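Here the structure is laid out as structure tokens; the discussion comes afterwards.
Chain naming follows the written order as A, B and C, and within any one chain the residues start at number 1.
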Amino acid sequence: MSLLEVRDLKIRAGARRLVHGVGFSLGAGERLGLVGESGSGKSLIAMSLVGLLAPGLRAEGSVKLDGREVVGRPERDLTPLRGSLAAVVFQDPRAALDPLMRIGAQMAAPIRRRARREGLSLDARALKAEMIAALERVAISEPERILAAFPHEVSGGQRQRVAIAMALSCRPRLLIADEPTTALDVATQAEILDLLDRRIREEGLALLFISHDLPVVARIADRVVVMRRGEAVEEGPTARVFARPEHDYTRGLIAAARRLEQALEGGS
Amino acid sequence: MSLFRLEGVDYAYPDGAQVLHGISFALEEGENLGILGESGSGKSTLLRLLLGLDRPDAGSVEADGSPLDLRDRARMKAHRRFVQPVFQDPYGSLDPRMRIGRALAEPIAALGLPLDPHTEVPRVLAAVGLPEDSARRSPRAFSGGQRQRIAIARALIARPRVLLADEPVSALDLSTRVRIIELLAALGRELTLVMVSHDVAVVAALCSRMIVLEQGRIVEAGPVRRILEAPQHPYTRRLLASLPRMPAPERTTS
Amino acid sequence: MKRLTLRLGLLLVGFNLAVGLLTFFWTPHDPGAMIGGRLSPPSWTHWAGTDRLGRDFLSQVMVGARIALLVGAGATLLGGAVGISLGVLAAYARRGLDDAFAAALDILIAFPTLLLAMLVVAASETASLGTAILAIGLAMSAIIARLARILTKRVLAQDYVTAARCSGLSWARLTRTHVLPNILPTLAVALAAQFGLAVIAEASLSYLGLGAPPPNASWGTLLQQAQSTVHRAPIGVILPGLALVSLVLGINFLADGLRDLLDPEREGAE
């Protein structure tokens, strides 16, 4: 059985349809890229998977996380699914971090929740040890300093590492990453992609990676779904889609991305 | 004569944080320049100095052969005609309550240029590939890419000799991005472009020379081709190496 | 629903305005003339009875509408003009000056409007309509200035302002063409809400005995005078009270309707 099974997912805002019947599935350990330009509905899909659509938006169809239906479920049924089954990392890590709370205090909550779920109780020392271990797993070199800092006191790249550490600290089986490197510098982006790559491999996670950036998706996803205006126009293994795109829209996108790179090769 | 000449420019924020350290370079006519830098490199500050919106703490900024003096009205008026900016966010760069025609004609009236808005507005709209009746609409009616075209049109109306573009395509979708780069490339054959960007590909597509800024210092400068092929500074090397690339296209067998 | 509040607001304010204007030409009786018995109950000659000096009560309440609107509008005009000018200027000022201005406004706003108004009235020789307008208007100007300053700063941070400066626009022209058109809609809504508060402030000042004396009696004065005789002549409290509520409610409805009309989000909606 797939970890994530999306069937005929539709999202509408009142009478306006934003996503028209999209379907895909994701097995344990698989990496799927959801590619599209602005207005393609890719981020809406990500939010609907964990029941976090903005008020006024409605999802129809079926989203099954580990066999459990998400669409139409009340909020209190969804809360335990988030984190334990699927965790989300956003484009702007500030969205996930409370600016008025020290990072350590924010990281403690998901770790305590997970401990409770597993029937453990953590004392302060064990909790701190867990937090430091979580930060070390995302290659943060001074975990003690970061734990004591406020979000604005650390760099954008470190904030995103903390957000990833928090997402992973619940030991989810699916990580949903919504443009996680778009706000970062090129060098930091490369580091975060390496980090995601490593963590996913070592922890056997499934990844849903949402991005408009084709080279980045090519770097991290095994399979891609190409979205345009709320519709999935093409799906397939990344290598095949990038080498032999079948849909005109995909062809156009890939040609555009290659044109942008041409100048780097010495052509004009 | 150089279009711009900077000598030992330092700049610090009012809180004392030093943003630029000893920046020196020259911009020559017809030689499109890329300023490559990541966030915190000081590239936006450098841009404000070039536009004459701020003055350096030390060193000099010379444009069109004479130094900039922010208090000298006549000097600054000439500078406004000389260089015009294009910004990153297509949604912030147009006044939501001003029709396109009026926004485009604004520099003509403000600078007292001997130009007729009735012929100049259609001219610049045509130059950026927008229909003439766009002038009657408000910004709301346009997409991000179209707004960026309008922002470029506004920059062109005073017939500047230098166009300063601050990340002009990084907020745009892929296909729009390609078209705006094509537009800028065409313009870059008639006037001199200065492209401020974190994106090497954009700089490579539009510029012949580049400057690499790291934390307020120029770490490398030279022809774009030379830097791409043989970067000298470790920072440049790291930047180029971390660039995500498209997978190589399949060789066609035919 | 939105349209309903706007219409109801127009209706209530319109009615008060009509009554206020009417009093310039006609009232049932001369509001200052002591022509009836003291505290006589409503009758065919005096529809709302008379006050304790025998003056026609309905005429006084009608004049009250004129006073309330006059002071409200005057204070709003004054507060708006002073507040917007100061706020916009502060936003342009250099950092140190602007910080000092912001701190001064915060201190001024910390004083309750009424207290500030009382100080102004106390400082002037006699209580009159003019002192009430001045007092309430000045207190309002601090609140409006703070809002105008923040809104202006937000506009000044936009790229289109930088582009305009690079096109050689003077500060005066920038203010006229970019700043004011973008801050006025929000300020209009705030001023409408302040109008309602000004009417209440005027009534409160008068109630405390700091308003204009009869025959230009405000609703606050009428309420205060009727207080001691509320058991014998409850209409003396009910009628000005209702009038005050109707006007303030109407203004608030109008402000709400205005907010919806001027909301740029709504303009952009499909």
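Simple rule for what comes next: a residue touches a chain if its C-beta (ideal position, glycine included) is under 8 Å from a C-beta of that chain, and two chains touch if they have at least 3 such contacts.
Keep in mind that this is a model prediction, so the values were computed, not measured.
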item	value
Minimal step count in the chain contact network, chain A to chain B	1
Chain pair with the most C-beta contacts	A-B
Centre-of-Cα separation between chain B and chain A, whole angstrom	33
Mean-CA-position distance for chain C and chain A (Å)	52
Distance between the centres, which are taken as Cα means, of chain C and chain B, whole angstrom	49
Residues of chain C engaged with two or more neighbouring chains	none
Touching residues on chain C, where the partner in the complex is chain B	95, 158-160, 162-170, 173, 177-178, 181-182, 264, 267-268
Residues of chain A touching chain B in the complex	37-38, 156, 185-187, 189-191, 193, 212-216, 218-219, 238-239, 242-244, 252-254, 256-264, 266, 268
Chain A contact footprint on chain B (complex, rising order)	38-39, 144, 173-175, 177-178, 181, 198-202, 204-206, 225, 228-229, 238-239, 241-247, 249-250
Touching residues (chain side chain B, partner chain C) in the complex	14, 51-53, 76-77, 80, 83-85, 87-89, 92-98, 103, 106-107, 110-111, 140, 151, 154-155, 158
